[in-house]
Structures are given as C-alpha cells and as structure tokens.
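Before anything else, here is the set of structures, which you'll find just below.
Each of the next two complexes has subunit A plus one other chain: subunit B in the first, subunit C in the second.
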Partner chain A sequence: MSCPAQTIRIRTRCVETAWHGGCVSSVRTCSQAQIDAIFVALDGICAKIDSCDLRGLNDLKDCLRNTSENVVWKCGTLGDSIVAQTSGNEITLTPSAFGSTTSRFEAIVFHEMVHACGGTELDSEAFENHCYRGAGATAPTSDDFPKFRDDGGRWVNWNGSTGSVTTKDGQTLNVNTAAFVDPSPPSGGGGGWF
Partner chain B sequence: MAGSSDKLSWVRAVRRGVACLDRAQQEGHWRGFPTLAGISNVWVTAFVVAHLRQLALRISRLAQARAYLAAARWPGSGWSYGGDVPPDADSTAWCLMALRGSRQLPPSKSREARDFLASHQSEHGTATYTEDSGIRRYIAASPSVSLAGWTTHHPDVTAAALLAGVPSLRSRQGLMALSRLIAQQTGAGFWDAYWWRGPLYTTTLVLRAVGSAGYRLPRQQAAGLLAALEREQLADGGFGLGASLESDPFTTALALECYSHLAYLGGKERRRAALQALLAHQREDGGWNGDYVMRIPAPDIVDPRHVSGWSRGTDGGNSYVLDTGGVFATTLACHAVTVYQGTAVALEDKPELEGFHEPIANEALVTLNY
Partner chain C sequence: MNLSGNWEGKLLDTSGSAARVTTSLKLLKNRVTGDFSVYFESARDGCDFTGWKLAQTAPMSGTYTARGDKLRLKYKLEIGSKPVDVVFQARIINADPHARRALVGSYTVTDKEQEIGFEGGVCLLWLYR
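Right after this comes the complex of A and B.
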C-alpha cells in the first residue's frame, strides 16, 4: 500500500483493431493534464484520511489508501448532470468534474473512492461532508435521499428527522445536519418493466 | 456451551418453520415474489427445495416439488422464473441444485441444462440472461433498448452457478472463477448483489461456495467480513434491511449463516445474538415475515447503485419485490439455524483459498509513473 499513490491505472480505449479483431493500438481515456489532476487529488486525499476524524473506521481508511492504486480511472462523459460515477473498481470522471475547483475536484474523487470501497450513497455523502465540510463538499441533493432511505450505510447510520449522521459505533460525524434532514416521505407508485 | 434445552428449541424452531413451508406448498410447488411477469413458481420452488432437501420436509412433498421442477424445464435448455418467462441462468442454477442427485433429472437433461447455464458465462462471471435468450421479446423491448444490465455478469448469479457446479468447484476452472469472485469483496467487507437489496445474499453464497470447494476464505478477507458483520449488527442481535434499524428475518438469517461459516475466527457471542434475534421473530405459524428484499433493476442498469429511486409493489423495472408470505425468509431461517447447529464441526482444518488469479483479457490498463 502506498498513499499517496505512486502509480495509477487508467482505462484505455482501442483505436485500431487487427483483422482478427484484436486491438493493436489503444489510447488512454485521460489526458496528461487530467492524470496530473488525479494525482494531485490523491495526494490531498491521503493527507485528509490522516487528518479527518475517522476513528474506528480502519477498514474504510485502509481501503481508501489502497483504492488510490487499485481503482481504474476513466475519463469520459456521463448522462445528465452526473459529474462522476463508480462501477465496481472503475471511477469515471467527466470534464465537468475536472473543471471544478481543486478542492471540489478532490471532494468528488474522495466521494467516488468511498463508493469504490463498497460505500452506499449515504456513506459517500456523509464522509464527503464530514471530511470536506466547507472545503469542497456539496450537500446531498433530492435524488440522494431515496437512496439514503433504501440502502442505509455500510459505515454510518442516518436519522432523517434530525439529519444526524453517526458511525455504526456511535461517533457523530461533522456534517451540516440541516442539509441531511429528509425533505420528503418515501415515494411509491409508477414504473414499468423499464 | 449450548445446553440441551437450547438445542431442543432450535430443533423445534426449524421443525415449525419447515412445517409452515410444508403447508404453503400447493400442487407441488411454492409461489412468491410477484412481478409484472407474474408470481414466481419455478425459481421459488427450486430455492426452497435446494435449501430444505436435507431437512425434515416430508419426503412426499420433496418428491412432488422435484417432479414439478423436472417438468418445468424448457426443452433442450434450462429453467425460468416461472410462467412464460424465458429461461435464465439463476433459475437454472437453483433448479440444478434442487434436483442434484435426483432421478427426476436424467444425466442427458442435466447436461443440457448445465450447457445452457455455461452459455451465460464469461471470464468475468455469470450473466442472468443472454441477448438471444428471448427476454427482449418477452418484455417487448425494441432493438434500441439496452439489455446491458441483465446480460452482464452478476456476482449473485455467479455464486449460484458455482454452487450448481458450473463450472465444477473441484476443477481448476471452477477455482479460478471462485477466486475472481472472492476478489470482488468490497472494502466494506461484503460482496454486492445485482438482484438483491443488501450484500448478504451474495456474501453467504460466496462462503458456501468456498466451503463446497473444500477451502476457507483467505484470512484477511474472512477477518474483513467478520468485522463488517459485527459493524452492522443491530442492538437486538439482528440485521436490518437497507437503512432500517429493525431486524429483518431474511437479512438476519443470511448474517447468521455467514457468522457460522466464520465460526473458526470466533464471534461466538455475536453469532449467538443473531440466532436469538432470528428466533425471536418467528411467527406463531412457524414462518418468518418477508420484506421487499429482491429488486429488479431496469434491463439497461448495469450497476443498481446508479438507480435514482426504487418503487415498491409496482413490480417492474427499478422496483423492490416482496417476499410474499416470507417463503424465502422462512427457508433461509431454517437453513441458518441448521447451519448454526453444525458450527462445532464446521470448517475444521480446511486450507485457505488463494492464488488462481489470472490477468483478464480486454482490460488494457496502463500504469503511470508519478
């Protein structure tokens, strides 16, 4: 484990295939400037893991330290207003994410790394707002609350009435509780096969 | 040490649970999980039989259910969720487990079903459907609609296929597939699922597969899982579904089984508390209540985490589906209590599974020097 990471893995895409279908030439999905930005963010995140109060969360901290090397980074576009997304160990960062301020970009990467560690939306939002409060974090959006209600957290519990977020062993996280108050009751109805 | 009265109460609980399932069987099968495709009969029956074939279910009931399943196989293929739904890998895996060793499924037909299941596999795992499975026609999806979610590999289905012996866990190919599955453990300590809320379904199946192969999890991963279980255990000893802080029988049963598979690492008190929580939720009729434990992502959804909202009871894409009558909760609770009773002899002297990693093709990654 090395934190900050000395190497990272970048997704490539094939730009030339041979007659047998194999790829003979591929390019990185991230530009050198984007790669540099990821390294800078990872540098800040490693410092944050040490400075942010994450008592009793050794498995999460170990994972975050490892993730910086184990994640496959992909640069590309995503639908709607999504700035970043994680699928398995692949984190996709959009031009919009790279266009953010340095502190916001670091918080975005941190948020996605919590997902890559198996964290739910509640975990990612909670730790982002705990560790980057006033320094790059953004409050949960209305789209996040149904996920909070349905999935809960792997590392945290949430009280939708008060907005309080605590770790499973009771440590209160330093989030803006007003931003975590559940704005609406659970929804139902609608939907078809797809 | 558990006293004889404790053991007697566990045996009684399982007997009452099995009796409840026995009463719920109608015309040779069980039903549950209503969706737009109808209520499942085949898949649900296979799941129940696969778990209870070693328990005290009446032999006649078991025989009826197996005959029902054998007759439900699609010609030259595998099994489906039920009704007119095309066959899929998960239903086929559970039916193969339910019919294992049964004369109801002759070797030639078993081979056809195994070949069908194998046709859903890649080096990444097992997909639930293939593009040519007929599912597109069944759901009336136009060619422009993506089925990428339903046709990609799913860890929960991959684990079920391995337990069904496709590929065999006694083969190098099977151990490699299992090793790749083990490598998908998240930093939270669990294995995520595609079709299930919460990670404990897949996690339990992974532990079963490792045990079936004659191994233990690598120590570091086993310790990570044990810590995760302890972290998520509620004050009453049970485990909740989603954000709920109330114990859910389905989830608690799976967690209890996980604890039991990891008994060689300790955790006796936690394990016992999970058992007590599960027993406390047994209904008067011997069964356990079901909840919206299953989910159906829309067919294009590859990662269910990206679904912005789930509905309940509408039974279509991006919805949670109810375990009606608690058929699965009761099945898993009976199974978990039985496994718990056997923990004293479980996993003695098994080696840890390690090493079978191979680079996966089509992942062209570059490592950059900082």
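Right after this comes the complex of A and C.
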C-alpha cells in the first residue's frame, strides 16, 4: 500500500484490431494532463485521510489509502450532468470534472473513492461534506435524497428531519445540516385519510 | 469583510472567452494588492479536455470600497505597455459547504485602447480554506 500512489492504472481503449479481432494497438483514455491532475488529487486525498477527523473507520481509511493505487481510472463522458461515476473498482471522470477548480476536483475524486470502497451515496456525500466542507464539497442534490432514504449508509446514520449525520460509532460529522435536511420526507404511517 | 487570500474561479467575457482565474489578494485598509492569472483550456476537442494553459499573469494594485456585502475593486493590471484599468463590482457571500466565501460579480475593462482580449464580463471566485 502506498499513499499517495506512486503508480495508477488507466483504462485503455482499443484503436486497432487484428484480423482475428484481438487488439493490436490501444491508447489511454486519459491524457497526460488528466493523469497529472489525478495524481495531484490523490496527494491531497492521502493528506486529507490523515487530517480529517474520522474516528475509528479504520476499514474505510485503509481502503481509501489502497484505492488510490487499486482503482482503474477512466476518462470519458457520462450522461446528463454527471461529472463522475464509480462502477466496481473503475472510476470515470468527465471533462467537466477536470474543468472544476482544484479543490472541487479533489472532492469529486474523494467522493468516488468512498463509493469504490463500498460506500453508498449517503456515505460519499457525508464524508465529502465533512472532509471538504469549505474546500470543494457541494451539498447533496434532490437526486441524492431518495438514495439516502432507500440505501442508508454503510458507515453513517442520517437524520432526515434535522440533517444530522453521525458515524455508526456516534461521531457527529461536520456537515452543513441544513443541506442534509430531507426536502420531501416520507409521510408518516397511519394509512390513508378514510 | 476580509478579501485577503487565494481566490480561484472562472470568468466569462463579452468577447466569448471563458477562462479559469486565480488571484491572491492582500487587503490593507482600502488598498488592495496582489496578482492575477488567467488560464485557458489548452484544448477541448469534443470530450478531450487536456488541461489549463497559463495565458496571462499580472500584478495588480488598486482600491477597495464596500457597502454591506457589496464591494467595488478598482485596480490596474500591469499587462502590456501600460497598466489596464479594471473595475470589479461584486457581492461577497457565504459559500458553505463548497467554499468559505464566494465573490460573485461583473468586471469592466475601462481602458478600451489596450488590446488584452477581455472586454468585460462576469466572474465568480471562491476562497477555499
């Protein structure tokens, strides 16, 4: 394990196939400038893992340290206004992500790395907003709250009424609670009106 | 209202240019000094973003006036043969959780004789950390 990563793995795409269908020539999906930007972000993330107040959570922190080397990075476009996405151990970063400020880009990469470690949307948003508050985080969007409600968190608990987020061990995370209040909470029990 | 610090953001100019901007400001009473850098995307061909290329960097010095959350920076950018006059009028707002503060405003290049490629436009800067 090395954090920050000394080497990273970049997804390639085939640009030339042989008669038998095998690939004879491939290119990286990320340019050198994009690779440089990923390394800069990983440097910052490794420092953040140590400096951000994450009590316990050793499995998450160890995973994040490993992830910087183990994940496969892919550069490409995604659908409607999605700046980044994680599928298994592959993280896709879009031109829009690379066009963000340095702070924002690091927060985006951190968010995706939490996913790559098995975190839900609630985990990723909570730790992004805790560790990058005022330093590149963005508040959850309306698309996130249904996932918060449906999937919960692997490492955190969420109170949709107050916006409070705590780790499973009870540490209150330093998120902007107003941004985490559920905008359309599920209606209470009790059945219909008749 | 402390303006001092390293600000980072983007501008969109009337001429059609969009650029990344960084500026470090020091404020002493109503005097503001610092430096200012503009970066353009080095290439954007379809989906291929390859990075930012420094296009211009310049020292700046000027005056600062504030009324409530509104502020006015009038400064000179030392670009080319003679300094260029710029007026930046903005609001400073809380940017929690993305940044500590944001400057949201518009700028005017008052010296039209200088060909610096910018004519005036909108600019948003964030102060992180």
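Here is the rule we go by: the second predicted complex is superposed on the first by the 185 of 194 C-alpha atoms of A that agree within 3 Å, B and C clash if a C-alpha of one lies under 4 Å from a C-alpha of the other, contacts with A are read in each partner's own complex, and residues count from 1 in each chain.
Here, a contact is a pair of C-beta atoms (placed from the backbone, for glycine too) under 8 Å apart; a residue touches a chain by one contact, two chains touch by 3 or more.
Owing to the predicted nature of the structure, the values given are computational and were not obtained by experimental measurement.
With both structures placed on the common chain, the touch criterion links A:T162 to neither subunit B nor subunit C.
Within the superposed three-chain model, A:A5 lies in touch with subunit B and out of touch with subunit C [touch as defined at top]. Between subunit B and subunit C, more residues of subunit A are touched by B. When the two structures are aligned on the shared chain, A:A139 is found in touch with subunit C, with no touch to subunit B. Using the contact criterion defined above for the overlaid structures, shared-chain residue A:S25 touches neither subunit B nor subunit C, since it reaches no partner. Using the contact criterion defined above for the overlaid structures, shared-chain residue A:S184 touches neither subunit B nor subunit C, since it reaches no partner. Of the two partner chains, subunit B is the only one touched by A:C14; subunit C is not.
Taken together, the subunit B residues at the contact with subunit A in this complex read 36, 139, 141, 145, 184, 186-190, 192, 197, 199, 224, 227-228, 231-232, 240, 242-245, 298-300, 302-303, 305-306, 308-314, 316-320, 363-370. If you check the complex, the residues on subunit A that touch subunit C are 31, 33-34, 36-37, 76-77, 94-95, 98-99, 101-104, 129, 132-139, 175-176, 179. Against subunit B, the residues of subunit A that register as touching in their complex are 5-12, 14, 23, 26, 28, 35, 39, 59-60, 62-64, 66-67, 72, 85-88, 115-123, 143, 146-155, 157-158, 168-169, 187-194. Subunit C makes touch with subunit A in their complex at residues 8-9, 20, 41-42, 44, 47-51, 95-100, 126, 128-129.
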